[in-house]
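Both of the next two complexes hold chain A, though its partner changes from chain B to chain C.
Moving on to the complex of A and B:
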């Protein structure tokens, strides 16, 4: 098991390295002058007119005149020292910007993770336990529909119905900016209600389908038949045999979802004007603010890698049967 | 011959369909027809400017947008772009996935290890974020959208195909062919691919729906092909040019329905196609 964990960790480190390299190469091989991407198009032309010297200084700073491998080493060094440059939008260090946005995203994604994980599991077990029953026949098409339709499509419809038409919820933003203390918390909750509802809905749908297929697969295993023929009650079979086995892939998937806590809600954040990581990334790409976009990309990628690694470790603890099989990646 | 029997059975299975799949095929068929006949059906030129913000009328079935273009014609032409990008991306994805899976699953050894490690690394990347970055910084256009989506989308299919190929290679008919000295290429083209056809097709349908979804998301965010009409693009303008706030249902609802319906159509084909395959092998 230790060997397996070490191997998986190595792959994770390799992936992080690949992510860092990709984001280095991307800006260097992008069409157009690299400097445009690094300082932003507007500022680039501004500087080109006013003070070409400063532009040269910036190029020097990034080492753009050096050979590629030297630039790469310099870049790696800046990453290790957590120096990601200055954002053009407000001239603060990129890292500070991103971290303050990450907090807002977590307000949405942590409850989604918990509630969606719970609801999806319960509904999935109910549907998978009695396939073809009334609950299954109603829920499955609904959940498949929710799972297929793009988030922002339903998001826009929700926005129109609940915010514009009826005015039950705010249209945009995260707080009214004036209240303090408990009122502020309530206000944030009120603003978060719509996007949170949607996120929970989509997460529940995905989890439901996963859990349902797990449970219905385990149900047809021979040991379940054996358990029944031993004379165990329905409840005991469900909790002792079916749930235990169905939970294994489910827990793996939950760990993976932990990895996408920061990157999973981009579209809805954009629609609801929620200034989280996804929105920051969107506006950074939109205004060609490469340092910010790059850091958002790297942070969310590293989180996803960490989530995958976590799921690998967790599964080798809870399910000792998983070994380095032939089919294993 | 064992293989011929298998291939024959596979061919006959293709014609057994369930209602979900039929529904999917009907949706996709209508979409394809619309895309081909768009210039014939469309009442107006979707690029023609006119009176902005018109309500639906006999002249403009779904009204006009913020620069007075006919929304109904926009939608019809949008089918072309969405479908084109979906199908071509899926083609690229399937070719990449199938070839990597064939090399990895058939030859094993170091190519397998290399490809597997590479697939793992690719799977660790956040898809939408990477695609958005690429599309935003590459030269805008359909080709860069296709490349950006395909770059991260092939890993899942490759994984599934590889494990199927490993299973197949353990079967006697492949082993016999190998020991008879049939060349690797012939075994792959004549035996492996026909036996994987159902999986490949259903995964391809799923990747069409994924690609259409990603394309719609990108265009909705405004990172798509500016000059082209696509559903995501229409929705982008409806959202950012106050169509949604003013409650112009005829502007934002049709593209939403089109996106949802087409994604659903390909999804049904892919999802139930895969299920059918499993039923077939069990029987």
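Moving on to the complex of A and C:
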């Protein structure tokens, strides 16, 4: 068991290392002068005209004149010391920008994770336990609709109906920028209401469909007939035998969701002008702010690896078959 | 005593399927009966209808009398008392019959918690004793293990232990020897022979096993009961051509097996005797459904014996 966890962790570390290396190589081998990618095109040409000296200095700073391996070591060192460069957009350290955006993303993603995880599970169990029942027949089409319709469609409809037309909610942004204390918190909540509602809806729908299919599949397993044959009440069959098994794939999915807490929903953040990670990544790519995009990419990749590792570990605690499985590596 | 009177099961769907067609049986207290028949003949469905564990699209008709009380009329609460408390069901011992996430000891003891008000701890302790009764070996450790660590034969015996743990008087076992080698079959046979007072109903493909554990044998073919009598009548003096063919296909009889196809499917609308396509004694009369004849208490559905 411990061996298995160590093995999985080592694999995760190697994966992270590979991700870091790829993101290093990507900048170095992109067409054009690497320096353009590192300082941004506008600034590059500006500097080229005004003070080529400074450009030289920056190249020196990034070690662009050194051999590749030396650059690589330097790059690794900068990552370990959390020096991710300067953002083109506001000339602040990339890390500061990312940390500020991460906070805003978490304000949306943590409640989405908790509420969506709970609602999806409960509704999914109810629908899967009595397939074809009234609850299932009403919920399933609704959830399939929510799950398939593109995010921006519902997002824009919400925005038009609840913000532009009725003015119940703000159209854009996270705060009014003036209030403080409790008033500020309430203001943030008011601003978050629409995007949060949407995110919870989408997450609940996805979780619902997963849980429903798990439960209705487990329900027809032979061991459920065995459980009934012992004279157990429906409730005991559901909680002791069905839920436990149906939770296994659900927990895997929750772990992956944990891993994507920091990624944010790009589409909704952009639509609602929410300055989170998704939005940051979007504008970084648009403005070719390479250092920022690089860090966003690395963070989400590392989080996915961490989520996968977490689900591996958690599953081996709840499913004895996994624990005893012969490792394929 | 458990008495089945003209039990039929129909699955209602786009095309309804009659999986069990008019089966009658008497299981006296302490008696042992085997149901034999080929795949799809309705054996499992018959057994599950006694437990009232069929899918919701199944319509059961006839009467299933437990000491005179019709199980088919019992309400949910009464059914929960009967299941595991009076009649227990031992499922086919495939990997899927036990919950993969619960320890075997707990699953074996679960009926005790349900019917005898025993605490979880106590039930798990008692389950060790039950496993010991069936000689599983290293029972303390096994009780704490998960089902996937058990071999098929071990799981089968553990499941019989689970069946009797709450003291059910009537044990229904579905193909307890399926997929086991001869040595394991012997172990399972021994397991059943350890049960002294219980009434036993086993479903099997295996005539040899049926002969070893049962006093009465019911032969099913294409949803119908084609022959029903004591084991010595069925094995020593089989009447129905299907039973005869089956007995000559037993290993000790040289597995003489002549293949004339399979039982008619539910879609085929066979008017007469369902065995007529494969029967080499088929007569003109056989294009009509044969009645059940009684030859000295030995029941057979074949025109040869109709008077």
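Note that the second predicted complex is superposed on the first by the 321 of 329 C-alpha atoms of A that agree within 3 Å, B and C clash if a C-alpha of one lies under 4 Å from a C-alpha of the other, contacts with A are read in each partner's own complex, and residues count from 1 in each chain.
The rule is simple: a contact is a pair of C-beta atoms (placed from the backbone, for glycine too) under 8 Å apart; a residue touches a chain by one contact, two chains touch by 3 or more.
What you are looking at is a predicted structure, and each value in this text was computed from that prediction instead of being measured.
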Q: Could you tell me whether chain B and chain C fit or clash when both sit on chain A in the superposition?
A: fit
(Q) Under the stated touch criterion, which partner chain does A:65 make contact with: chain B (first), chain C (second), both, or neither? (A) neither
Q: Classify the contacts of A:176 with the two partner chains as first (chain B alone), second (chain C alone), both, or neither.
A: neither
Q: Could you tell me if A:226 is touching chain B, chain C, both of them or neither one (first, second, both, neither)?
A: second
Q. Taking CA centres, what is the chain B/chain A/chain C angle in steps of 10 degrees?
A. 70
Q) Once the shared chain is lined up, is A:319 touching chain B (first), chain C (second), both, or neither of them? A) second
Q) So, A:152: does it touch chain B (first), chain C (second), both, or neither? A) first
Q: Using the superposition on chain A described above, determine whether A:244 touches chain B (first), chain C (second), both, or neither.
A: second
(Q) Quick check for you: in the superposed arrangement, does A:26 touch first (chain B), second (chain C), both or neither? (A) first
Q) Which partner does A:308 contact after superposing on A: first (chain B), second (chain C), both, neither? A) first
Q. Closest Cα approach between chain B and chain C after superposing, in Å?
A. 13
Q | Contact set on chain B toward chain A in their complex | A | 116-117, 119-121, 123-126, 128-130, 132-134, 136-139, 159, 163, 166, 209, 213, 216-217, 220-223, 235, 239, 244-245, 247, 252-253, 256, 259-260, 263-264, 267, 271
(Q) Applying the document's contact rule, which stretches of chain A touch chain B when the two form their complex? (A) 11-12, 14-15, 18-19, 22-23, 26-27, 30-31, 37, 144-145, 148-150, 152-153, 156-157, 159-160, 164-165, 171, 260, 263, 266-267, 270-271, 281-282, 285-286, 288, 290, 293-294, 296-297, 300-301, 304-305, 308, 326-327, 329
Q.
For a test of understanding, state which residues of chain A touch chain C in their complex under the given definition.
A. 221-223, 225-233, 236, 240-241, 244-245, 248, 318-321, 324
**Q.** chain C residues touching chain A - in the complex, by the definition given at the top
**A.** 48, 51, 53, 79-85, 88-89, 91-92, 94, 96-102, 110-111, 114-115, 146, 148-149, 159, 162, 166
